[in-house]
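Below are two complexes that have chain A in common, paired first with chain B and then with chain C.
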Partner chain A sequence: MTIQVSPGQLAKSKATTQREVYLAALLNQRSEFDRQNLSADLGDWLQDLRDRASVRLQDLAIPSPKDEEWRFTDLSSLLQVSFQAATAALSAEALAGFNAVLPETAESCLVFVNGRYMPSLSSTAGLPQSVTVGNVGQLEEPYAARLRHYLAQQPGSEEVFTTLNTASMTDAAVIWVPKNQVVETPIQLLFISAGETATLSHPRCLVVAEPNSQVTFIEDYVTGDRGYFTNAVTEIWIEENAQVNHTRVQRDRSNAFHIGKTAVSQARHARYIGTTISMGGKVSRHNLEIFQLGEQTETTLNSLTMIAGEQLSDTHSTIAYSSPYGTSRQLHKCIVDDQAHAVFNGKVVVPQAAQLTDAGQLNRNLLISPKARVDAKPQLEIVADNVKCTHGATVGQLDADEVFYLQSRGIDADSARKLLIYAFAFEIIEQVPIASLQQALSQSISPPTS
Partner chain B sequence: MIVENSEVILSVKDLTASVEGTPILKGVSLDVKAGEIHAIMGPNGSGKSTFSKVLAGHPSYEVTGGEIRFKGENLLELEPEERARTGVFLAFQYPLEIPGVSNLDFLRVAYNSRQKHKGLEELDAFDFDELVQEKLDIVKMNASFLNRSVNEGFSGGEKKRNEILQMALLEPTLAILDETDSGLDIDALKIVANGVTQLTTPENAVILITHYQRLLNYIQPDYVHVMEGGRIVTTGGKELALELEERGYEWVTEPEATEARV
Partner chain C sequence: MTASVRTLVNQPYKYGFITDIESEAIPRGLSEDVIRLISAKKNEPEFMLEFRLRAYRHWLKMTEPTWQRATYPAIDYQNIVYYSAPKQQEKLGSLDEVDPTLLDTFEKLGIPLSEQKRLTNVAVDAIFDSVSVATTFKEKLAEEGVIFCSISEAVQKYPDLIQKYLGSVVPVGDNFYAALNSAVFSDGSFVYIPKNTRCPMELSTYFRINNGDSGQFERTLIVAEEGSSVSYLEGCTAPMFDTNQLHAAVVELVALDNAEIKYSTVQNWFAGDENGKGGIYNFVTKRGLCQGVNSKISWTQVETGSAITWKYPSCVLVGDNSVGEFYSVALTNNRQQADTGTKMVHVGKNTRSTIVSKGISAGRSENSYRGLVKIGPKADGARNYSQCDSMLIGDTAGANTFPYIQVQNNSAKVEHEASTSKIGEDQLFYFAQRGISAEDAVSMMISGFCRDVFNQLPMEFAVEADRLLSLKLEGSVG
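And now, the complex of A and B:
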């Protein structure tokens, strides 16, 4: 497929704004959904889902800083790049450098390259038969028939990048855990963007944890050298009294664009533990949306943004309560070096019905250099009157007393600073439930000892 | 112990220092010889803690005059880490917590930086573990402390014992204990005091900065100095501490009382 629109061509288009034209150009890059292994019925439904999203997209545009939700995150640099959908499959050699499959998930991983499912790199041999882990084409009944009740059915699906993802969807990673099933082995969903051109991909994940089930999965993004654009959407449904432990790691190269959404619907007594590590991307955005749909649901969010150079990384989270006795614990940390810019917007919505909510949010920011910047905004919308909601935000530099303490033990100032940054990050990294991934992330920051 | 003709380890002359432009030390002079234990007492705000931080090289304290020589070397020219490597050790009043860094790793990095400076062999994790196990007994610490993050979740007493463990490993020529006894129950105090006593040799020296005479029941100082208004206003033997305990600081620190003593 060839480049559809270049910045020069955009100028000629006068009927619509540049941001509308650009979005349309991105949509034009989509390829057909692979219907080969699908029933005619499911295929038709997916086709229709995509078509309806495409139509909706005609009324939308790439957001600008004038949109309140994108005030601090300027996507102008995205508009300068012409992305192409990936065409040719990459050779095994080309992918050798991206072998990010974890030892713990060697027999429980799905690998997608530029949005395409790679059965040869994936394995689910280590998982119980009753658990469905695969792409859409591998879905068997009754799950195939039930897909339409879950895929693209979360609130917020009309958001522009989610719509673009739905309209461009060529496949999806699916984890479907049946009732009462506890999956001990963690599952890895690995998304690789690679190849010689600046490709565009729309990874899609659907996780359904049926009542009383339990599962742990890792969503992992890595990229090659080119400035790829990843527009990912993950939908998680946690049914009654089920538990999902989800780790999302975005370690794209620092020239990549990454927009990702995690939407989680939690039924009564459901528990969600989310750990997010965002360290890559030139411009990256993570929209994290939690919908507590029943009584006594529990949400734990731990996230770390660690950026340097000229990176911009934005996290927008929303926890929407609806029922009594819900709890949430959210800790978001940013470590910002050089001229990088982090954004955090943490919304908590507690309507009248959500009495006895217990919501805690803490945002801690560490600015390493004088030119580093963070925009932090807690946003609490509380209507219910009998609730406990706390929030706090701190912005600071490395503490001189802490550096001095380490120096006074013979550790030079530079190593002391590295050690303290490591310690700040570790509070989040230690939440990652997979030892090898935890270690890899620790090492990518700075080893505690040399 | 006072040893005849022993080497002067620390020589401070007319030291003045400020914090954010406010003078705190206003002419401190002190000589410490090998083998000696000096106690520095005094009311809050007299400059005791500032003195300890200036000796260790805290960047927030600006030395405005005077000199500090350590084993003949100009200490003021050295960075804090260089002072540590050359044998100055400060036990902190409020030791910092470093989550995510294991105590064992921290101790090993500190130990090896000292070894490297001395041109001695750096120890790998295995050999170091053996060494540190021996030292644990000095402060009656359980080996499980080593695998926890530095000071994280430690009680006040455990933090102070951890400071003394660091002292045991680093074997400083000059150990400065900044209110190490504050906030300790009697059992923890005995362990800390006993640890310090075990680590005192004719070759090294200790400066105890303390608010309470109680510590000196367990560590016998050779000299007791009273600090007030950024100066050492009087010096005596260990009996001075007892007198201070009974009569308070007023009689030494009020001008007329001081004059009467002279």
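And now, the complex of A and C:
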């Protein structure tokens, strides 16, 4: 199968030299891969992978608004900041402020600080022995040998920020669920960016769900006070009849830069349920790429962007079908306050082979303040004739009639508005499979007091 | 797809004949001299020459757009004849003096120009290659103060109006093809509706390309003064050549306070043969400016022809409470490529727009809807509703939608819906068991699918469009 990458993403143009120089500077900040616990063979392969990505990066540049894929997301403000690779490990006290490990996952979590694995903060005691959850160094055979068939092997890995991540990655979080294993306990992958300077980190996750397995995991990003830059890549492989329930929560501070990618490859009968909550970051971008590679795959995507102030949050999703009988349901909601700016681009590609596809997409945007801005582009590209594809997009404000109705029931206007915003957001938040996280997210939208 | 449906779609193009008429053309190629020559041939005032040269200089600096969903070999702009006109005596006193071959040609196309046969309630401006051949009902329209004539005539007779409005909606440097058109446009129609006048009849322009080497660059300008209203229709056909011809038109509409313009198009340029050989490249810029309060501009288009269609009739809603509408049916078959849609730019308060787009793709064609709904920061209470539906016939045709929604005002309400469907075996079977043949069934389903749009067409043309579509699709379903 082929995935379209706009020429702008790969093309090198002379006018953007500043953007090339900046990208090279970001690459220069990378540190060596931690080879301590790796076999020589695997270490060499990873080194080679990084080197090849670095070479490819020489022909790339930070995208500008002239590239169609980045038309509404201007990265100029990123170019103003010079980031440094995080070096010094942080003390336990410094990390105490990020008490983001969930009670449900106290014994099934991996914590990464500035891209480095923190064994002292992580625990996998609550998980079955047969499941591998850890960093690359903890991988045992035969998984270590099979890593090269999965890591950085998805289509779309050529994209500039993914390439930068591959070239700069120092470690990766790995979840490997063997055949027929159903993991009941949810797993949390917590990525913390902290430290005294504006640092740059490249978190990487690899999830492999072997045939007939099931797993639920949460990918959670938090940052400290400085304007950190997180460039994350998560690769998920769902093999035949396996199921992955994935929640991605990005709650960086509003001065951080966050560029993240989630790429999902689904084999025959595989099911993926993705819930994404993006509320942090000064400039944030989430690229969500679904590759349905076999028949009768099911994809459910629920996402919520909630921003205020001068935040910019961009979600680009692609669902690429390739086989018959695939289904997808996507609901993307944005709540935009103050002068914030939300961008949504949702692409659905149905080639001739993907007959009997059933794809539904809905994008709803709620503008709270007069200066809020939304740019949406739902996009359908269809060649197969026996398919059912729909998409819808709406932009609007809170319905005055609804506010009035609540007021007539004795609820003051302010609470009424809050209640309606809460209800709008809760449709997505209630999809989060973990009660404590659901509660924490609900509280952050200031639920109405009863 | 069954064989019966396949044969149903592949109906020959019946307007593909060539009229053998002596024509006067200038040599191929484009330069400042050519533009001066065109301007001199048309005996234009100085300001028009300047307008053209300004556009030409802009054009030289521009690059051809490549973002559209269409592939075609590079166009050699120096290999096109930019002016071609049927030879005839100087001034025409009446229609009787028009070359009878020309009249026959239009007769064959179903556009009778002669006094006794003409449609009683439609005034027609017939344009053959680059020039206007005849305009009917001029006197009757003049009684109401309505000006309906070729744009060359308007340049001579009403230079003030032309100078004021030409290029006011689509500036000379707007885009590559608009700049090219502004530099070399040869003819087109001009309509002026005075204050508080309801145009007494439908106005219509019929475009015909005849010369195999010429490009057609026509320009249409419609100005509706305060409180006036007009309904305008354009139709187009071309002979079958196995080379590609360029058609780059510009249409500008201006609606002042409380004015209403309805612009309908039935486009049936030659689409090339089933292997994609020949056909017209249709690169058109159409834009309407709702300048006044409560003004309304409505575009209706039925696009069935052209090898490539690149066309986005737009409305710029500046006046408060102004309304923009876009109703479109785009049908592609064989190797046709259509990238069409609209732009609704909301600037004023309480502006409203509606978009209904129906795409039907058959054969190996590619049909894209590309639209923009933009709500500016001052467009309080703006409202948009968009609906784009695609119907695929056969599994080798492509349907794409690229709707851009840009909202910068929280009191706006924007809704967009799209769906894709097909004519299924079970639907055909249902019709068959009621004794309705596959062809009739398809034609019924298509007209049902397109009804929202056809309802917007003037009555005479709705019937025409319905028939045109079923003819085009004959043999494609099954």
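The rule is simple: the second predicted complex is superposed on the first by the 432 of 450 C-alpha atoms of A that agree within 3 Å, B and C clash if a C-alpha of one lies under 4 Å from a C-alpha of the other, contacts with A are read in each partner's own complex, and residues count from 1 in each chain.
Here is the rule we use: a contact is a pair of C-beta atoms (placed from the backbone, for glycine too) under 8 Å apart; a residue touches a chain by one contact, two chains touch by 3 or more.
Worth saying up front: this structure is predicted, and the values here are computed from it rather than measured.
Colleague: Taking chain A as the common reference for superposition, should the pair chain B and chain C be classed as clashing or as fitting?
Modeller: fit
Colleague: With the two complexes superposed on chain A, say which partner A:G97 touches: chain B (first), chain C (second), both, or neither.
Modeller: It touches nothing on chain B or chain C.
Colleague: On the A-aligned overlay, A:G392 touches which partner chain: chain B = first, chain C = second, or both, or neither?
Modeller: In the superposition, A:G392 contacts chain C only.
Colleague: After superposing on chain A, what angle in degrees do the C-alpha centres of chain B and chain C form at the C-alpha centre of chain A, to the nearest 10?
Modeller: 70
Colleague: See if chain A has more residues touched by chain B or by chain C, and give me that chain.
Modeller: Of chain B and chain C, the partner in contact with more residues of chain A is C.
Colleague: Examine A:A413 and indicate which partner it touches, taking first as chain B and second as chain C; both and neither are also allowed.
Modeller: A:A413 sits against chain B, while chain C stays out of touch.
Colleague: In the superposed arrangement, does A:D375 touch chain B (first), chain C (second), both or neither?
Modeller: second
Colleague: Using the superposition on chain A described above, determine whether A:F404 touches chain B (first), chain C (second), both, or neither.
Modeller: first
Colleague: Classify the contacts of A:A423 with the two partner chains as first (chain B alone), second (chain C alone), both, or neither.
Modeller: In the superposition, A:A423 contacts chain B only.
Colleague: Minimum CA distance, chain B versus chain C, superposed model, integer angstrom?
Modeller: So the smallest C-alpha gap separating chain B from chain C comes to 12 Å.
Colleague: Hey, which residues of chain A end up touching chain B in the complex?
Modeller: Listed in rising order, the residues are 400-402, 404-413, 415-416, 419-420, 422-427, 429-430, 448-450.
Colleague: State the interface residues of chain A toward chain C in the complex, per the touch definition above.
Modeller: 68, 352, 355, 365, 367-397
Colleague: Residues of chain B touching chain A in their complex?
Modeller: 56-60, 79-81, 83-85, 89-90, 92, 95-96, 98-102, 105-106, 108-110, 113-114, 117, 149, 166, 170
Colleague: Can you name the residues of chain C that touch chain A in the complex?
Modeller: Spelled out, the residues of chain C in touch with chain A are 67, 375, 377, 390, 392-422, 424.
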